[in-house]
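Both complexes shown next keep chain A, but they swap its partner, so chain B is in the first and chain C is in the second.
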Partner chain A sequence: MKSFTKLVAASVVAAVTAGAAAAESIYVPNLSYRTGPFAATGIPLMNGQRDYIAMLNARDGGIGGIEIEYDECETGYSTEKGVECYEKTKGTAVVTQPWSTGITLQVLPQTNVDQIPILAPGYGFSPMSNGETFQWAFNPPASYWDAASMILQYIADGDMSNLAGKKIAHLHLDHPYGKEPIPLFEAMAEEHGFEFLPIPVGLSEMQNQSAQWLQIRRERPDNVIMWGWGAMNAGALTEAVKTRYPMDQFIGVWWSGHDGDLVALGDDAKGYKSISWSAPAPDAPVMAAIQEQVIDAGKSDVGADELGWVFYQRGILISAMLAEGIRKAQVIHGEGDIDAVQLRDGLASLDFTQERIDEMGLTGMIAPFSTSCTDHTGHSGGWMLEWDGSQFVKASDLLQADRDAIEPLEATAAAAYAEANAPWPMNDGC
Partner chain B sequence: MLYKIAGQFKTTYRADQALYPIREDAWLLGVILVLAWIVFPLTASEFAFQTLLIPVLIYSLAALGLNILTGYAGQLSLGTGAFMGVGAYACYKMVTIFPEMNLIAALLLSGVFSAMVGVVFGLPSLRIKGFYLAIATLAAQFFLIWLFEKWAWLYNYNASGAIQVPNIDLFGVAAAGPLASSVTQYYVILAMVTVITMVVINITRGNQGRIWKATRDMDIAAELIGINLMRSKLMAFAVSSYIVGVAGAMFVFLWRGAAEPNLFDIELSFRVLFIAIIGGLGSILGNYLGAILIVALPVVLNIVPEWLGLDIKSATLEHLNIMIVGTLIVGFLILEPHGLAQLWRLAREKLILWPFPHEGRQ
Partner chain C sequence: MEFLSKVFIDPFVDMVAAPDFLMQVVWEGLVSGVLYALIALGFVLIFRSSRIFNFAQGIMVVFAALTLVGLHEVGVPAWISFALTLGVMFLLAVGIERVVLRPLVGQPDIILFMATIGITLFLIGGGELIFGGENKRMITEELGIPTGSVVLEPFGGLLILEQKDITAVIGAVALVVALLAFLNYTRMGRAVRALGDDHQAALSVGISLQTIWVLVWFIAGIIALVTGIAWGSRAGVSFALEIIALKALPVLMLGGLESITGAIIGGLAIGVLEKLFEIYWGQPLLGGNTEAWFAYVLALVVLLFRPQGLFGEKIIERV
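For the complex of A and B:
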């Protein structure tokens, strides 16, 4: 009898704790880097991500009534620390936000085993778009190959045959990230008859690119496209100003359009462009909500002049995509406290229609897109942003990537990845 | 205190020259081996395997390799990271060209490649010493990283320029790649590290070890007593690079799972060098102590506030961590310039002499 009472007592305790656990929050860690060589670009992004979640918690009490527990694990952009953070958080987290191509590479095969989605908005492998192969990885709303294609179209003014005979240099970080668009550029160069000139910048030469710019001066390319990050962006822009390379022929990817890098150059960098799937919209309703709920409440680290920065607002959009994924997952599964596997279904059914974008207060910040089981990117397209001497402004209408040209390349690359990592589980349910 | 040497008589020369002449030392080693082989793998979480146990073992092995060169043979090297890279890339090429190859054999063979590269870059050591040699090995560091980036054959023309470890079975169990469990990987690493450590202990206590020490302490005197300096130095480079290469192959295959060229950058070389210096040059035990301090301590410091229920921002914590570890390194080096191994040696002697006072270093 005595043992029976004990058993009952034990089960009551267990039931109560389990009940308490169920009412807990959704844990959303972010592998941030506010320290180390890339901190300058990391901090505004992380601030945006954190502030959006804080705003949701303060205004709506989380998502679907469940509080979102946003937490940062500092990596300093080091792959080793990143894996440490992944191991530390994967037990309770619903998502991994690796924030570096190196960490993504390392975590990607693990997610199949651990069953946890990777959210890598606008970075990571371009072939991750192929949802049948990369069932756990999401890179909405546009991939690097999309970016490359959009830049080429902008240079060609919409008609790719204009590219024939041109010489286009690709100044890139000599790192998986910088090499990512090369296969697409090479394929395009062959198809449209322009000369493609890759110019790598080693990690140790980021701040001193005199050799690379000497080469650019000698080769006189019609355009320079930049895939830079961290200190490399500022280094390249300074060199470009010094060598008087025409700024309006210099175009960066979205990670090379950081206000912080350009402020110091001011008017000298006028005309520099960066393709971007996000656009700064200081008047968007979401900004007012963040101002009211988070910044005025003293819960944010962001400086007053940084609110309009492209990177801060992009951070907001990244968290907005995650929040929308959580909301969708809650709708699909009919429960608030979703887990990692359920979140995958949410991320695979993101539907950013113009109405939904307006409803979320993101008007003008992002173009409509939607993901599916087979398409994990959505391909929203993007705008060409131009530095006007003090800030980035939209310099083009919405550009769209040439998906017909990219898709076969993505399929080949995804198949090659799956083959190299055999046995690789495919998602046949799509 | 804990050591009671009274009553431990040696009746043969063999017993007197034993690796562990004092019984307590042997027991201590036994306890450590039981912990490493049985207790840790049974109790460790995935997190502990991936961030504490496996990295400490791999870094210890790399430092052990460097210690042979720098600590025993006295040749300073700043190319450790690149030699680890040679091991890793060699292993990658072997398992992708011959998928049927046994993983252990691939790991052991990859050391041969780094040994060959090590000997080539060790040639300057015949003419130059000290800091000058360090600069020559620095050339190896930069050249090899450049090679890993530019020679696309090394990473099988992968578009991202990185190598990714495929799934490899070892005796029917997944041992490398995403499907492998941490316990399996830990046991493979532990077995390799244990065996290599035993071999190294024997080498350094034997003839070759004495030749190296003579070379280190005074090369002219060593030459006068008939030691072939060229052979001694190149042998040190070969053995050291072999171990470093095996450590590098395990680093990528049994732990990281993927690697890009800059992983093997100068920072890795410095990290391994710090482990060897703080642990103690010319000591085997020191490599393990150094690796625990440099690799495991920051990880533990990162989770302490969480245990205590303190709410510190992750970035602040990282800054605190750097400060604490930095202070500790400086502190240990002031306290004992010869490293943690010497600190342990002194503590042990104090314990043996206790309750009589120990007069400090000899």
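For the complex of A and C:
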């Protein structure tokens, strides 16, 4: 009986201590994919996210004096596992980071019920930019439709009429992610008179794309635009080299511009480009802070090569956006221990001015942008990065998406989504 | 009428109009087919000798390739890495026989199948722990595999043959010939076949089940290593290679689970036919990506008429 009493007493103490500890941290889970066929893409991104939070905790004691509890739930990029992870982590989380357009689309309706913001930087459903319809979803600083628009403008050299008569292939993963920009491309093809050729790549064909590249050889498109992920990127680049497709006519979205995929090809892939809302800046102050606070302190085993990779640094930026959202929410609500509903206000008030970017030590890594209640993306624009044989370098000035052309399409798609999922709660307070 | 023309006339007109392109399609299909056949062979060997459908064959390809590349990364010369990887695959075969299979002798087939799923999960976890999940470059050149290409101009057109693809085909053919010679002309090989034909009879004449199981799992490991080198040289070595094992399933359905000939012919047939269908019918008529399902449909059609596959044994059980 004595032992039983002791056990109960110990349990009560543990519960109270755990409760107090929980109140002193903000829980930010990440639905990561460090395993499976997409791991090569996921690992550096997740490392960057993890290390930035670790740096904030070590250097600043968290945000606003509250420690940030970063946690990962492994999905292997599987939509089913992603939904399980969402359900498992949503209880005490202030945010969900789904890391796949498929998972984002699956949990999107549920976030209205659970009142938890989705943070999907540079991915997800492009019309999520419309904050009045998608009040819980944020995809800063640029959407896939922004990416498609910037790539087309780059190909057209700034004058979209130059696209008339051209044939543009869209080599994409046969997955919600790969199909996401198709409505934008089709609308642009109709408006500007170019031929749009979608070429899907199935999961089991990612590493053997000979059929897709035979089609490219037969169709002879003027440009190939790639929406690849994980092993598909390396597979496509290998086939492009083999088919002798001109690398300077081959452009990928930002998830198809991974140093790890191109290192193996070296000079053969020289000239390949990737639109990117982030730029590699190894000399940015934040990199030195991570080196000092995290890597030198033995809290991360990231290698020296990976530190310079576009994806590692993009992971840093993704956590920086989340951290800034938390800080903003703390300022708006006047308290440190914010909840999910309060974080939504912070994410809708991101203001990455050049001054703030410099202050955060992110100089040169991202262009200024700001979100609002109605605009959940911010549309920072992006740079065209080019593989020089050993690394990605900036190959253009900052490009901007043609928002005048995209906004009506976003509004139509958002309205159609809300209607298809009626009754869909709108944010009339914007 | 237009649709019928697209199905029955246009593809053949295209083939005749661009024979060099047709040759390229057939070559690419042949290369894929050889590699499918190799993976299927790994399944067949183990099934023949133990009635186990080895779910782990795909991950063995990844594990073997990662071991090879991982050893080279820490400074071991390429060919020594190759030999050491063979040693690792042998130890893996011994370990699997001792720890997993031996305690399960006499259990229903489904239990053994489930055990191979366990092996798969173990190898995924172990592989990621040791080698990480990043995409790695296959040490193609270091192994002396040529990486250039042979450019031919048949009918005034263009035919590009990658030297590493030619090497993969030659290597696969050599491996199959060696395997057939081993199975037909050596004492151990005949013991493997005997075990496949009749377990009880084989055991009654003194064939050691344990030794043969270690042997076939080791041979499956060798096949996995060769397959890993061939596929890895195309797009790097990562856990995505595991997915390629899915392509062996329709090959097994088509050729039969127990037939080495079936695995080879099934692999080649699926490789070439899926490529021809994708290029001349799938892409123009169905929007492409028919390779994801074509092989399964073809195998299902065969199963309608020959449930045991093209070369499988018809099993009649008396009740």
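Going forward, the second predicted complex is superposed on the first by the 408 of 430 C-alpha atoms of A that agree within 3 Å, B and C clash if a C-alpha of one lies under 4 Å from a C-alpha of the other, contacts with A are read in each partner's own complex, and residues count from 1 in each chain.
Quick note on the criterion: contacts are C-beta pairs under 8 Å (C-beta built on N, C-alpha and C of every residue); 3 or more make two chains touch, one makes a residue touch a chain.
What you are looking at is a predicted structure, and each value in this text was computed from that prediction instead of being measured.
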Superposed on chain A, are chain B and chain C clashing or fitting side by side?
clash
Just checking: does A:L105 make contact with chain B only, chain C only, both, or neither of them? Give me first, second, both or neither.
first
Which of chain B and chain C A:T92 touches, first, second, both or neither:
neither
Just checking: does A:N162 make contact with chain B only, chain C only, both, or neither of them? Give me first, second, both or neither.
neither
Using the touch definition from the top, say if A:P37 reaches chain B (first), chain C (second), both or neither.
second
A:D174 contacts which: chain B (first), chain C (second), both, neither?
both
Contacts for A:S349 in the overlay, against chain B (first) and chain C (second): which applies, first, second, both or neither?
neither
With the two structures laid over each other on chain A, which partner does A:G230 touch: chain B (first), chain C (second), both, or neither?
second
Which partner does A:Q207 reach: the first (chain B), the second (chain C), both, or neither?
second
Note: overlapping chain A surface for chain B and chain C spans 34-35, 174, 200, 202-204
Which part of chain A faces chain C closely enough to touch in the complex?
34-40, 42-44, 174, 198-208, 210-212, 214-215, 217-218, 230-231, 234-235, 238, 242-244, 260-261, 263-264
Chain C - residues contacting chain A, complex:
18, 21, 24-25, 28, 31-32, 124, 128, 132-137, 149, 160, 162, 231, 234-236, 238-244, 246-247, 275, 278-279, 283, 287-289, 291-292
Given the complex with chain A, which residues does chain B contribute to the contact?
46-47, 50-51, 55, 146, 149, 156, 158-162, 164, 166-167, 177-179, 256-258, 260, 262-263, 265, 299, 302-303, 313-315, 317-319
Contact footprint of chain B on chain A as seen in their complex:
32, 34-35, 71-74, 76, 79-80, 83-84, 87-88, 101-102, 105-106, 109-110, 112-113, 125, 174-176, 179-180, 182-183, 200, 202-204, 413, 420-423
